[in-house]
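A short worksheet on the structure shown next.
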Amino acid sequence: MTDHTTNTPNEGISMHRVIERIGIHNISLLVALVGLLVIFGVLRGDVFFSTRNLLNIGMGVAILGVLAISQTGVIVSGGLDISVGSIVGLTTVATAMTIQATDMAGLGLLAGIVIGGLAGLVNGLLITYGRINAVIVTLGTMAIFRGVAFILSNGQSISIFNDSFRWIGTGRILGLPAPIWVLIAVAIGFYTFMHKSIVGRNYYAIGGNPIVARLSGLKIPNYRVAIYVVSGVMAGVGGILLAARTGSGQPISGSDGLELEAITAAFLGGCAMQGGRGTVVGALLGVAIIGVLNNGMILTAVPTFYQMLAKGTLLILAVFLAEYRLNKN
Amino acid sequence: MTTETRMLSAPSRRAVSVRAIINNAGIGLALLALILFFSLASEFFLTANNITNILTQITINLILAVGMTFVILIGGIDLSVGSVMAFAAVVAGKAITLPGLGVVELIALACVAGLLTGLISGLLNGVISAYWGLPSFIITLGMLNIARGAALHVSDAQTIYSFPFAFEEFGSALIYGVPVVFLVALLITLLAWFVLNWTVFGRLLYGIGNNEEAVRLAGHHVFWLKVAAFTICGFTAGIAAIIYMARLSISSPIAGIGFELNAIAAVIIGGTSLAGGRGSVIGTLLGAFIIGVLANGLILIGLNDFMRQMITGVVIIVAVILDHYRAKYSAT
Amino acid sequence: EDKPVVGLVMKSLANEFFQNMLEGAEAHAAERGDYELRAVGMQNETDFESQINAVENFITQGVDAIVIAPADSKAMVRPIKKAIAAGITVVNFDVSLDADAKKEQGLELAFVGPDNRGGAKMAGDALAQALGEGAKVVIIEGNPGADNATQRRLGFEDSVAEYKLDLLDSRTAHWETEEANQVFSTMLTAHPDLQGVMAANDSMAIGVVKALENAGRDDILVVGFDNVPAVGPMIEDGRMLATVDQFGQKMAADAIDLALEVVAGGPELEGWVKTNIELVTKK
Amino acid sequence: MPQNILTVSELKKHFGGVRALDGVSFSLTRGETHALVGENGAGKSTLIKTLSGAFPFDSGDIVLDDAPYRPDSPHEAKARGLQVVHQEFNLLNHLSVAENISIEAMPRTRFGILDRAEMNRRARAALDAIGLGDIDVRATVQSLGIAHRQLVEIARALQSDSSILILDEPTATLTERETKRLFDIVADIKSRGVTVVFVTHHLNEVFAICDRVTIFRNGKTIATEVIAETTPAAVVRHMVGRELATERNTYQNRDISGKCALSTHNLKVASNPHPEGLDIAVHYGEIVGIAGLVGAGRTEFLRGIFAADPIVSGHLARNGTPMVFRSPRDAISAGIAFVTEDRKEEGLILDMPISANVSLANMASVSGHGLMRFGLERQRAEDHRAKLQIKCGSVSDAASSMSGGNQQKVVLAKWLARTPEVLILDEPTRGVDVGAKAEIYGILRKLAQEGAGLLIVSSELPELMTLCDRILVMANHRIVGSVSRDDFTEEHILKLAYGQNGTEEGTIA
């Protein structure tokens, strides 16, 4: 332990670990993000860094952020939840209908969260006890939840006139819009849960190697069901934010690839398809990259097709930075 | 997602894939049940005309799904197929509407242009993700945007039309009531089945999906094998583009939005594991049929659109549960 | 029992316009009672394939008439031709098929629908008059391949030319609310001095209004097209300046009536059966 | 009067047509150390998995602490006081060593939050207790070598208080030194009244630490003997049902005056901390062994030769001609084969049929024009099955269905199928039973006799001493000595391996 030769490998390992602590992946994503900020700052310095635009970006990604973070939890556990977009749509409807009937904002919130949680429970039970692949289950329930939303609402959008509820979507605290506060709260909560709590650690175990986790005595079924319930509840939160922002419940909302964006952010953030890897901070950085990209692209007003070309290329570059550096190490 | 049961039930995938058909019996049964149900529920379902329709309607999804099977088998995914299809269609559309060429030259040129476009896009997906070891989910998502942008650019966001008559004829031609385009799809499926089950290449793709390192250490070019899988997938998107054009008589730069999800669904319903290494193209064929039959049958029995979506979801889940029990009982 | 069957092919049911139309058509069928209605919609506005599939399935079912609002003016020409060849009466409404494509396929088919260009100009003029000459405006367009989207863009451009407006940007949001919301949010950031927005339909106008609310702007005027129920309150409270009612329910009902007349042995339709439009502003 | 803590009677368990357990009966007394021995595939691991609740059994009875016992899940087994270290690795590669050690019971703060400091402290203590002072508990498991992983698993099992501790081939990946330390640990926990079940293929270990031994054959228990009253020869006789020919294990002189088949000059791999690399030479017909302690860098060196990992500097020559291998493919086309250390991660495609695994490195021989010839492939697999006495239901069963030792034989078969000119082996008989080991030795010798050059890394000195013409000793990424056959003694080799300069104390596990 004391001589030179033995310390060399040790030092190597701890150096490695220091970087690992911050997360090499996250550092690279940060580099990518800063790169984007510089590019857009140079191209549209006049507006890009205006408070309003930054808030715009924040508002634009608040819901996505909530979903990306909970999706990270699901992917870490070795699953996938494609139905979150539909759950968002369903919960906007449930919330709007509840508020329409009672004019009580609190009940609306409750409805959104309970319905989201129930939807997640359906997913979790089917995946765990029906023993079906998570992708298939949530692909199926994606259609089912959407259908339920349409049937409940009869395909119409339902307006919400309750002002205290709408405040959740438009109000501000300390200059920051409420949805951004919600995102911050969710991020902190999940960070604590995933990285600081024992249950969170166990999700990494289950996703990393379910056989080992089982042999270690973890009750995998309970964990599995729980993570989908959490995912459903978070989609419910997303639905509440959306309903509050648009002042309406719309069965169709959340159908424009929200789940795909959330999954993308999670993967950008370092999740592995096989599970067992991924971080909340990474997911947030992924979300930020997507948000800045979407916003900056339109600001710089390049024609749609060049925007798409650029977006695609930048996505690839972002993972390239993040993953390639990681592999090299 | 499946590793846990893997250890306990130790599946023995047979090499020779006549068995694959038996292995897919669960999904096959579900399909049969659907067909039975719809033939009882709608007088039109089993009419020659409708069968022709179903076959036409599943053609493009089947072709895309077959290519997708290759990529998923090696543990990857290709989200770009819908956009690549549109891109290839637009390129081929430009080619086929060139002035001053004979019909045969035009069609040949268009096919070559479209197929090459697909192939190159797939090649890029493969090279980028395999060379740097990047997750194909993001790389192909990038390609999704790039190809869509390229399609809009090449077409100037306009729908291209006015194709040679002979070409359009091919899109609607029937042989004994069977659409020629479906026969093309079937041929591709059989070819893929053959490649995956009877060639060394196919064997190694399964190997990579299971244990890439073991395949590498056994001296195989894992990089090129992976690239090949993605290239095949891009190529099938090119084929789908040609068929799309022949069938719709247009090349639209906004065609194919969301097609990747349908293709992935067909593959997964067909029993191929998203984790890679397990599955079959016969399963994919059945998966594509399930999706197609459902879409057709539910319209025929007059279900409204939202009910249709819901029932589709339910049937997919039930089909897979069925398959689960099939696997369980055949294992013991 | 031998009632004629009419297949109604609409576009995205996510759009209230078609939701509303569906209800209208169902009511109409119940009211007339002498035909059977089978209605289908699409998942989204770019899902051409499923529209083609719907037409093919109607041919299989041997419906007597198909009444269709094409998602793409060129792509739907051939399937429609096939339906006609199968002896089905086809009425094209809402979105006109492309004239050249029709000619090329040797298809002659009447169009039942409004003057989209004229309608758009009505909305554009309303905006221009409220803002005055030289005002800065943007256009949010519909599907590039759809004839009515083209016509409406041209109509807006007519207003731009006539009132010498400053057109800053023009982009498609494919008729959809969410996409319009995103596209416009950023347009707004890029052009904070923007004064007016012309959206080619109300779905997109709603997306624009939400973006304005989020940005806390109430100084920008918005016009739309369709007069879906959801924009009623917006026009009343000033969040929108105007829209153009194209009486979707009536349009569909008329198209069905016309189709049934032909089925009953009436003369073939010809040319353009113009339907009503009307500018809607705050009362 | 020794009291039975666990009694198993007539236990049966089948997998499809394979009767893995076909009437197993034995008992454990409180506080004893009980060995389970038997050939590969005899059913030892299966028994352990049923005891640990990993999967259910078909019939039979188990009584634990005077109460019937039929665990539904590993969770339940642990609750009843059974702790198991399984034969295959069961670590979470992406998590840290500390997290792995604490996975069953993570320490928490007052707020229910994971107490990372306490977790690391516990892991540190656990590793120190088994003498793994130099492992950083915060490093991820995937950064550890295979032996260290095994020790981490043992450390984990020792974390919770259990009344029965089952170790399935814990020494298979350990060298002498760690094995000794493990024995001390076993003695210690035994003194605390814990019953230890110990599976091994090394009879000397059985006789060194066990009180009783139960012998398995073909899914049945043949006998339970008190160690003090039996002999290794008697145990082997029970195991194989016959007397084992001993003369097979003796060295045969061969002509090794052949050309140099493989040589390295200053070959340096990334993990080698020294400026200079390694020089070795293997001649045709020669068997060269590399001995060393865990972490001496042997595996990395072999991987470097085979181009499985990139090399940093140095040269490599085949038949005296310098060559550059850019990938394992190049090495293979140069006639080299490499039996890797970790069969599960690098050797086998577990989900694929045994026959497919056998042909994996030699696809050309079972195909024509790129097309598979399945009949031929099965035939080849059958040949190897017979030659290596691989025990399996059918060669079209998945590789995962075989016992550990048989899996190892399949890996061997995969490379033998190429009839390599140079065969590199990293721990070739890990987990292989005595009988089969003798077979494998025979095969390796025959290969050398036919002219191939062999380079073998093994942590079992007796193995190297039986097989090799020459043993190189490695310590801390250097070759510290070369011992020729005449000087083969364990003391001599170990002394070299531990080093004379006194610095090795921290290097070794």
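First chain written, first letter: the chains are A, B, C and D, and each begins at residue 1.
Quick note on the criterion: a residue touches a chain if its C-beta (ideal position, glycine included) is under 8 Å from a C-beta of that chain, and two chains touch if they have at least 3 such contacts.
As the structure is a prediction and not an experimental result, all values here were calculated from the model.
Comparing chain pairs A-C and B-D, the larger number of C-beta contacts belongs to B-D.
Chain centres computed from CA atoms place D at the largest separation from chain A. Between chain A and chain C the centroid-to-centroid distance comes to 35 Å (mean Cα coordinates, whole Å).
The distance from the centre of chain B to the centre of chain D, each centre being the mean of the chain's C-alpha atoms, comes to 43 Å. Per-chain Cα centroids separate chain B from chain C by 33 Å. The centroid of the Cα atoms in chain C and the matching centroid in chain D are 71 Å apart. Shared interface positions of chain C, i.e. residues touching 2 or more other chains, are given as 13, 44, 172. The residues of chain B that reach two or more other chains are 7, 157, 306, listed in rising order. Of all residues in chain D, those that touch two or more other chains are 54.
Annotation, chain-chain contacts: A-B, A-C, A-D, B-C, B-D (touch as defined at the top).
Across the complex, chain B is touched by residues 13, 38-41, 43-44, 46-50, 52-54, 56-57, 59-62, 72-75, 77-78, 82, 98, 100-101, 104-105, 143-145, 172, 174 of chain C.
Within the complex formed with chain A, the chain B residues making contact are 1-5, 7, 75, 77, 79, 128, 132-135, 137-139, 141-153, 157, 261, 264-265, 268-269, 273-275, 306-307, 309-310, 312-314, 316-317, 320-321, 324. Within the complex formed with chain C, the residues of chain A that make contact are 44, 47, 50, 52-53, 56, 59-60, 155-157, 159, 170, 245-246, 248, 250, 252-253, 255-256, 294-295, 297-301, 304.
Listing the residues of chain D that touch chain A in their complex gives 52, 54, 73-75, 77-79, 84, 86, 90-95, 99, 103-104, 106, 108, 112-114, 133-134, 136, 138-139, 143, 271, 273, 476, 503, 505-507. On chain A, the positions that touch chain D within their shared complex are 1-3, 5-6, 8-10, 13-14, 16-17, 192, 196-198, 200-202, 204-205, 208-209, 211-219, 276-277.
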